[in-house]
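Two complexes are shown next, each including subunit A; its partner changes from subunit B in the first to subunit C in the second.
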Partner chain A sequence: MWEGDRSKFPEIIDGKPVIDLDSQKYVKIWQGPQHPGVTGNIALEVTLCGDEVVDLKTHVGYLHRGFEKLLERRTWMQGFTIVCRICVPEPDTNEYLFAAGVEELSGITVPAKAEWIRTLTLEMARLASFLMWLGGQAAAFGMGTVGQWTVAHRDFLLDIFEELSGGRIYHMYIVPGGVRADLPKGLDRRLEDVLKKIEILLKDVDRVLFNNAIFKLRSRGLGIVTRDMVDSYGVVGPVARAAGLARDLRKDHPYLVYEKLDFDIITATGSDAFTRAQVRFKEMYQCIDLIRQILSRMPDSGDFYTPVPNVLHWKIPAGATFVQAEASRGEYGYYMVSDGTAYPRRIAVRGPSYSHAIALLQKLAINTNIADLAGLMVSLQTCPPEIER
Partner chain B sequence: MSLRDIISPFYVWKRAFSKPFTTKKPLSDRPGAPRYRGFHKNDLNKCIGCGTCETICQNEAIDLVPVPGIETTLEDSGLRPRIDYGRCCWCALCVDICTTDSLTMSNEYVWIDADADVFRFVPGYDEKEWQHQDRGYRRSEEYRLLHPQRTDMKMLDPVTGVGSFLEIVQGYSREQAIREAMRCVDCGICVASCPAHMDIPDYIRAIRNDDLEEGLRLLYQTNPLPGVCGRICTHRCEEVCSLGVKGEPIAIRWLKRYIVDQVESSSFRDILQQEFVPNGKKVAVIGAGPGGLSAAYYLNRMGYSVTIYEKYPLPGGMLRYGVPEYRLPYDQLDKDISYLLTLGIILERDKQVGKDIGFQDIYQQYDAIFFSTGLSVSYKLEIPGEELPGVIPGLQILAEVTQGLKPVIGRQVAVIGGGNVAMDAARTCRRLGADVTVVYRRREEDMPADREEIEEAKSEGVKFIIQAIPVKISRSSAGKLEFFWNEATMVSQGEGQRPRPEAIPGAVRQLEVDTLIPAIGQGSDLAFLSEDRQNQIEFRKYKVKVDYLGQTSDPRIFAGGDIVNPTADAISAIADGYRAASGIDKFLRK
Partner chain C sequence: MEKIISRLQLSFALQDIREQRPDLWFLSIAKNNAVSILTSLRDIHGFTSLILLTAVDYLENNVFQLTYILRNYSMNVSLGIEVKLPREAAVMDSIHHLWQHAETFQRELKEMFGIDFPGSPGIDEGFVLEGWDNIPPLRRDFDTRKYARETFFPRPGRTKHDPRDQMRSKLYSDYSGGEK
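Moving on to the complex of A and B:
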């Protein structure tokens, strides 16, 4: 926020700026829906006074593909093939939650080995998603190089996903009943090699980004989320943790094998873009550590799949459930309703971006510099596909 | 902020000179992972064209299409999946559900072509370089979407079985039947192999939906003796079931039985609702076996007034007088037949055509005739001593048991033959308390009897002598029958031919028994037809020759059942009855 003479800025009445566009004091511009400074396809309708944002509206819908509706026309098994598409950077959370919901509604228990493997894929997915964020975060403040590195390293992880699941982006690996295949021989070793590469990368990133005067100057104090905003704006995940709240579904409502793993919730108090980056950065190390724990403790043998009824005629008893998991961006949930038929009656998907990219961003953008808007957005790790299901 | 924060970012240069991570084209040094879900492969010889891949694909990316060089047979639709890569999302559900495991995927990453049409092809037929490569996605052994194991059927244990005539197969409960019906993939490949082309996938669906009334309606569309067929049908449908390729076929026969067993006979009329308008025409049916009953039923539904002439007091033909009670209880046979007789079909019992009423009379009184008089004359062994007392044909023993006469067979019994009639006679004699030995000319694997019949006979203590050629029968001084047989070796008859048994010189063996039961086949008795008629009607290989409508060379006479078809089982007789009913209708409407 410009600290000097603010008389030229709009008057605030009842917490809202009074903007008279005809006064020629303000400019309205659109950032997006196609713009390198937005995450995915989303549009920010920005009103500026000078280079300071005085009002912001988020426009969504450019990516709407109607997944929730499409799911109503697919059988319970067919559904697993499209939920991954709801979130490109982190499809596995969707795969897991869809399967977990179906299993809960139909009373199916998956074998222990499948739970370990699922946890492994979720942590790999969080790590891959953080790598993507990290590159974006650096680039948003002008340092594209880091993005080149992290995206390449994400690709190393995708190699592992490809080996495990047969797909790089859309893994389609977690199915109702378990997972589709056991870990390929030697995957643990190859995954460990990738983790080592990522650790070296993180060290480099620490040097060039977290000890970078420009990054510090621009991200510190940017987009401060106060503690009381956390609940009123539906703030979750690293953004909430950076505001000092020890909230993590993996600890608060443990699922899969998280209870058996040794880790602490990472929190901080600065609650600005810089602190959030630090929290995520630490969570990346946490992912690496969790992956290692899983690989060393996972049972060698055992079933990874519980047969479900013939999927061509599978009807699930009427009922409803809400299942959730901690994605890299925070709490992710599936509300699923069965009316007793072979098709879901309703599936509603709720990801963190829904509140982060709309209400929260609209609030935090006010009084920031237009140049920092992209960095702010990435610091909330918003992902439009997840808003428009 | 420190000086370090200004200098530190220059560390990026460290990576400026390191080897790039990217891979150059072509990607041959970086093939897709072994599990990669790339373009499909299909082993055309394993594939049976069941179309389950087409059913599961949510993108309708698969069409089953005819492919040159692949013939349609009973176990192969002759079609193969063609995949449209404009729609495929590479989920591999089609691979996971493939009933034969013929469909897999390659690990092919990249394929570029300017012609969009090439991206729709028949894997395995349209030659692609990856078709014969090993790598690529296939279903893991431990993960399967289909259920290969059949739901267990409760059976009477052999000890109780052999001590009574109680039914051996106990039938499915509701929960078991639904579980078994759930296994079905709805491909419908079975329909063609059923002589009556029953609507199998749909009645199985009715079971899944727990809608037995619908199931019953579907059964009666093509089969008026479903309770019978649900027990003793030769179930050729199960032989071609696509689930049977990698696992056990669906228990189609037992599912059919389940529907009939669950519905009270008193509600059949309401459920089937068979109102019809009489058309004033009359048809006579000779023989109340399955062929005759089936023709009568479908004619009745079309409005014909039908009279069946039956020489025995009770209807059912060989189903009653041949098939033993432990496989087909009389009350279950009666349940099927008594419903048919409530519909207005007239049954003239104890009326043997040719004796109690002349064929010519019937010919004059009715608009058309259907005859299905079956095979009632047992073939002779054609060996010396066959006329001795104590040599009793299998059919006769079985009929006597049905009639409630207790046949006198003594302690030691030998049954000659390897077909189902031989097994029925042997197992019936076991139930009458005898020690039974089956004697057969060829090897066990050559026996025409169903595998399960042979196994059950063994479990009930029936002994088997194989490769044994009957020589003669004589009476011993102790009053027993001495049966002489010659050990045989099997002599190859060339490719595709069944090997023939040939007597080993000097290897004659002897068996002492009280009763000897030949059961080596049976022929027809057409004495009810005058000689003129017998000459007029055409025969082929000892069977009455009919056309595709069941019509004989006399246009007013139709025939079916064992005297016509080569398969000689209940369902073929039923199908013949249906065919002749439509044929008669077509003929009389002209």
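Moving on to the complex of A and C:
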């Protein structure tokens, strides 16, 4: 925010700027839907006074594929191939939540081994998602090289996913009843090799990014989320934790095997883009630690799948549930309603970006510099596909 | 949670109270009392976060069911408030004054189900669809296949290579198709 003479900036009435575009003092431009500074396909309608944002409106709909409608026309089992496509960087959370909802409504218990494998895939997906974010965050402030490193290391993780499930991006590995296959032999050793590579990368990134004067100067004080904004804007995940709130569903409402793992909720108090980056960076180390804990404590043998009824005629008892899990971006939720037939009555997906990329971004962008808008957006780790589904 | 429910029952006529999980409860309430109970839950009972606002279409009963899911972080409990609306008069009071991000949910519901929330900011601006000229697409009576056939007609001059016809004509021309 320009701290000099603000007489030429729009007057603020009832918390909103009064903008007369005909006065020719303001410029309205579009950032996106195809722009390196936006995350995915999303458009920001930006009104500028000089180089300062005075108004912003988020437009979504460029990636709407109607998943919720598609799910209503498919059997319960057919749905699991669709839900992973809701989120590109971290599809496994969707797979897990869909499976967890179906299992809860139908009263199926998953074997212990499957729970461990599910937790492993969720943590691997979290790490892969954070690697993608880290590259985006650095690139948004002009350090494209970091993005090349991190995306290359994400590829090593995708190799592991490919070996595990056959798919690199969409794994379709977690199915209602368990997981599709057991861990391949020697996967733990190969995963450990990848983790060691990522640890070396994180040390480099720490030196290059977090000790970089430009990154510090531009990200400190950018997009401050105050404590009272957290609930009123639906702020969750690392953004809420960077605002000092110890909220993590893995601890607050332990699912899968998280209560058997040792970890603490990482919080901070700065609540700006730099603090959020620090929180996520620490969570990446936490992910690596959790993956190692899972690999060392996982049972060697046991079933990875509970037989479910004939999937072609599988009727789920009528009922409704809301299942949640902590994704890398925050709390992810599936509201599932069954009317007792072989098809879902309604499945509603609630991703963290739904509130972060619209209500919160529209609020935080005001008075930021246009050049910092990309960095701000990435610091909220927004993912448009989960907004519009 | 039972204490909160019994305290709410003193002020509101709650129906269909059910415990889905120890950390997830659902209850139904009449449309007129919905905003009051949401305000009370937010300000008095610690359900400070609106997690989800969505709708379910019960076409056979001619009603929409709105579901508000709120979360109490200090107790780690979620509560789903269900409100029934008649499909012909699908209008509900807005809650954008309680949560800033509620307007996004309401905009989506207006577009996808045709449920109106008068007074909600930008309610008529649309959410993801552009130039939509049919009934709201998430309603149960919207037929996706019929819409696709009517809207995305086959391009003139397009040749079709159906694998089944191709195999029949090229590879198995003597195959009778299973008929004797």
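Heads up, the rule we're going with is that the second predicted complex is superposed on the first by the 389 of 389 C-alpha atoms of A that agree within 3 Å, B and C clash if a C-alpha of one lies under 4 Å from a C-alpha of the other, contacts with A are read in each partner's own complex, and residues count from 1 in each chain.
Everything below uses one rule, namely that contacts are C-beta pairs under 8 Å (C-beta built on N, C-alpha and C of every residue); 3 or more make two chains touch, one makes a residue touch a chain.
Bear in mind that the values here come from a model prediction, so they are computed numbers and not experimental data.
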Partner chain(s) touched by A:Ile29 [first = subunit B, second = subunit C, both, neither]: neither
Which superposed partner A:Leu360 touches (first subunit B, second subunit C, both, neither): second
Which superposed partner A:Glu331 touches (first subunit B, second subunit C, both, neither): second
Which superposed partner A:Ile169 touches (first subunit B, second subunit C, both, neither): neither
First (subunit B), second (subunit C), both or neither touched by A:Asn211: first
Touching both subunit C and subunit B, counted on subunit A across the two superposed complexes: none
Subunit A contact footprint on subunit C (complex, rising order): 20-21, 23-24, 26, 48-52, 54-57, 67, 69, 73, 76, 78, 80, 99-101, 103-104, 126-130, 137-138, 140, 142, 144
Complex contacts: residues of subunit A adjacent to subunit B: 74-75, 77-78, 81-82, 143, 145-146, 149, 152, 155-156, 159, 162-167, 170, 172, 175, 178-182, 184, 204, 207-209, 211-214, 216-217, 303-305, 307-313
Subunit C-touching residues of subunit A, taken from the complex the two chains share: 60-61, 64, 66, 68-69, 72-73, 104, 231-234, 245, 247, 252-253, 319-322, 324, 331, 333, 335, 337, 345-346, 348, 350, 354-355, 358-360, 363, 388
Touching residues (chain side subunit B, partner subunit A) in the complex: 1, 4-6, 8-9, 11-12, 14-15, 21-22, 32-37, 52, 55-56, 58, 89-93, 96-97, 105, 137, 140, 142-147, 182-186, 208
